[in-house]
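Going by the order they are written in, the chains are A, B and C; count residues from 1 in each one.
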Amino acid sequence: MPLLEVDRVSKRFGGLRAVSGASFSIGEKEIVFLVGPNGAGKTTLFNLITGFIHPDEGRIRFAGTDVTLITPNRAARLGIGRTFQIVKPLGSLTVLENVMLGAFLHTASRARAAHDAREVLAYLRMEAVAAATARDLPLAMLKRLEIARALATRPKLILLDEVVSGLSTAEAMALAALLQKLPERGVAAVGGVEHVMRVVVSIANRVVVLDHGAQIAEGEPHDVVRMPAVVEAYLGAKFRERHL
Amino acid sequence: MTAQAAVQAAINGLLTGGLYALVGMGLALIFGVMRIVNFAHGAFMMLGMYITFVAVGATGVSPYLMFPVAGLVMFVFGALVYYGLLSRLPAGADFMQILLTIGLSLICTDAVQLVFGADYHLLNTGLASTNLALGYGLSVNAPWVVSFAIAAAISVGLYLFVLRTMTGRAARAIAQTPAAAPLMGINVHRVQAISFAVGTAAAGVAGALLLPVFYLYPTVGDQFTEKAFVMVVLGGMGSIVGAATAGLVLGVVESLTSLYWGNQWALVVDFVLFVLVLSFKPGGIFGTERA
Amino acid sequence: MTRSHALAAAAFAGALLVPFVVRSDYTLQVLFRLFLFSALGLAWNLVGGYAGQLSLGHSAYFGAGAYGLALSTRLGLPAWPSVGVGILVAMLFALVIGGVSFRLRGPYFALATIACAEILRLSAKNLTGLTGGDVGAAVPALFSGQVVRSFYWSAVLLASLAAAATLAVTRSRFGYYLMAIREDEDTALSVGIDTAKTKLAALLISAALTAVAGSLYASLFLYIVPDQVFGLDISNEVAIVAMLGGVGTIAGPIVGALILETASELFKNVFLEAHLLIYGGLLVFVVLFLPDGIVGTIVRRRTLARRRAKPPRAPDHAAA
């Protein structure tokens, strides 16, 4: 049984079809990337899976539970962690406290939460900024903080919304190397990206290509990016020359 | 109670509502469109009343001719408040705006009380006892009709300002995409200042037009601040027409509430409506059109 | 931490001893007000400061405490249990008002809290059969003998209780949850916080403390009218006390109450009718020049100074 099943899910905003009939599934400890240009419905899908919005049609199941109409906080409790595309740090708190808030999902003890948070910070190589105020961090660290806070909730699945966008290539590759180790922690990941295909190709098990909320292709990263239909019609003819 | 009494109450309410509409439109421009939380709006209206009161006292000219004075003075005052105080706050600092405008409201009210005392004044225009018969035993009070007519004309002007002028269009652009406005070459501060000043002037004019029909005292504006927020929310955020419609509806609802349950419940009904709309229809009930 | 504990204990003991030095009932009443508003500011701070929900309708709970005491004794209940009734009524109001307003964000939340408090004030004025309306209602005395001293001590105890409660909250997961909600509600949801329930819990604590303050205030006057205890002035003053001192800190509301009450006492006597003008001016000044409040500004300056003395390691080392 897959960990996450998205089954013919659709969502409209007024007249706009943000997601239409999206279906895909994620297995345990799998890393899958949703690929598509801005407006392809990735963030909407993430909001649907985490219960921030609810679909008009279709079902979503997570670990055998129907989560179609779940609330965001219950989704987190079930083991769905998420990051936000536009980073949402708890600005006036320290980095450690930000991550502690994730860890508090499993303990009411401050000492225990701090301990767990430090472990996550070490994993993401963020110990040096633990005492810094979150709003003073540079973007690369804020992106990492999003992941740290979500990981501290000990999710079974983490949704990574554009965690590498806005980063330099070196920063993105460094982060990708860390993300690749997520399955070792027992975490499956769904990433959403616009560009930075190298990251996707290097760490994804599978890629789902979306266009206007509809799924137009699915497969192994190397195969998908070579599908002519995908490349020509959707990623753009120039993509091949520039990125591969 | 007879149907005639109800119709009469509704007519009176509509006339009051016309003046509410002008107060509400001013705040709709400031809060609804520009997102500046202004708790001094009623105090600005009160200042408009006192300015007119003084101007009429000094010149003997009818208040119906003096409202431009109140409008002009309050326009300048609004611009000063914007540049001197509000523009110094960081963008989106609702907390700060609320505190600042509460402070401003206290200053205005207390300053007026120091100068004029807490006494009630009533400006007699000589029209007060003139009633125009409408037939079927219905009638309207002349000063209300004149005030309503002028308020209606100015409301249309305000609507056209937002819809047609460059500043009005820029104001709407800022409201819809605050981040993009500077990129489009819009001077955000200038547009906000003009919008704030125009909204303040609308409150001042409404005050001038209320003067012939309302008692004047320093805290007269307090309930209008609350009512103006009710109108903006009822009318739908960002909708000038919605706020105006809400003003008319509020006038009628208050008048009918007074007729059937007593005057003291009118404001309660306003707030209950407000809470219900915020809870169940946060987009407002009259805001069909964004203008 | 031990030094601040000792300091707090000394301040508490000192405050309790004041009536043995200060003999004037008038001064004690001013001090009563000071501690009462410290307690109110601290109570408000849980919702407005830590959870970041700008309530401008706390008079609803203050009035509930005042009228709860007045009306329950009329039904034959002894005075102190009637204070309990006031607390319960305030918490009931908090459930309803929180249910209505916590779904709203930003200025809409503030407006909704004002509207709810105004509905209560106007209803209290209009339901003359129940409350006596503008004629007022008699409030039983909570103390006999040593009256002003007893009120003063009660206010000190209430303020200490509110401070202790705040301290306990800030050191608990609950306190972190509140701050997470203040900083970003979506993020709070994403880490599994039931934000609605958490906000409501904070409001219930806040309302209960506010109601006790309302009961004390009413009983000192022995007679209340709706505008006095349900009025917007109370709501504003409570919020201003906390913001003047600095929201989200324990010392903030206490410092705020100290300054505001001292100032308004001075203004009332020196400037007479102009005191609201000065009060408004003070408000404008704080917003423009001390936006973090007095304690908040001091804390920020100190943090900046400390950072300048010892710069943190560059975050770039951690990358890659």
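What we mean here is this: a residue touches a chain if its C-beta (ideal position, glycine included) is under 8 Å from a C-beta of that chain, and two chains touch if they have at least 3 such contacts.
Since this is a predicted model, take the numbers as computed values, not measurements.
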Touching both subunit A and subunit C (chains): none
Taking each chain's C-alpha mean as its centre, the one farthest from subunit A: B
Centre-most chain, if every chain is reduced to its averaged C-alpha atoms: C
Inter-centroid spacing, subunit C versus subunit A (mean Cα positions, whole Å): 41
Centre distance in Å when subunit A and subunit B are each reduced to the mean of their C-alpha atoms: 48
Chain centre separation in whole Å, for subunit C relative to subunit B (CA means): 32
Two or more partner chains touched - positions in subunit A: none
Of all residues in subunit C, those that touch subunit B in their complex: 54, 56, 100-101, 103-104, 106-108, 110-112, 114-116, 118-119, 122-123, 125-126, 236, 239-240, 243, 273-277, 279-284, 286-288, 291
Complex contact set, residues of subunit A against subunit C: 50, 52, 71-74, 76-77, 81-82, 84, 88-93, 97, 100-102, 104-105, 108-110, 113, 125-129, 131-132, 137-138, 140-141, 149-150, 152-153, 170-171, 174
Touching residues on subunit B, where the partner in the complex is subunit C: 31, 37, 85, 88-89, 93-96, 98-100, 102-107, 109-111, 113-114, 226, 229-230, 233, 262, 264-265, 267-268, 271-272, 274-275, 278-279, 282
List of subunit C residues in touch with subunit A within their complex: 171-173, 176-177, 179-180, 183-184, 186-195, 312-313, 315-320
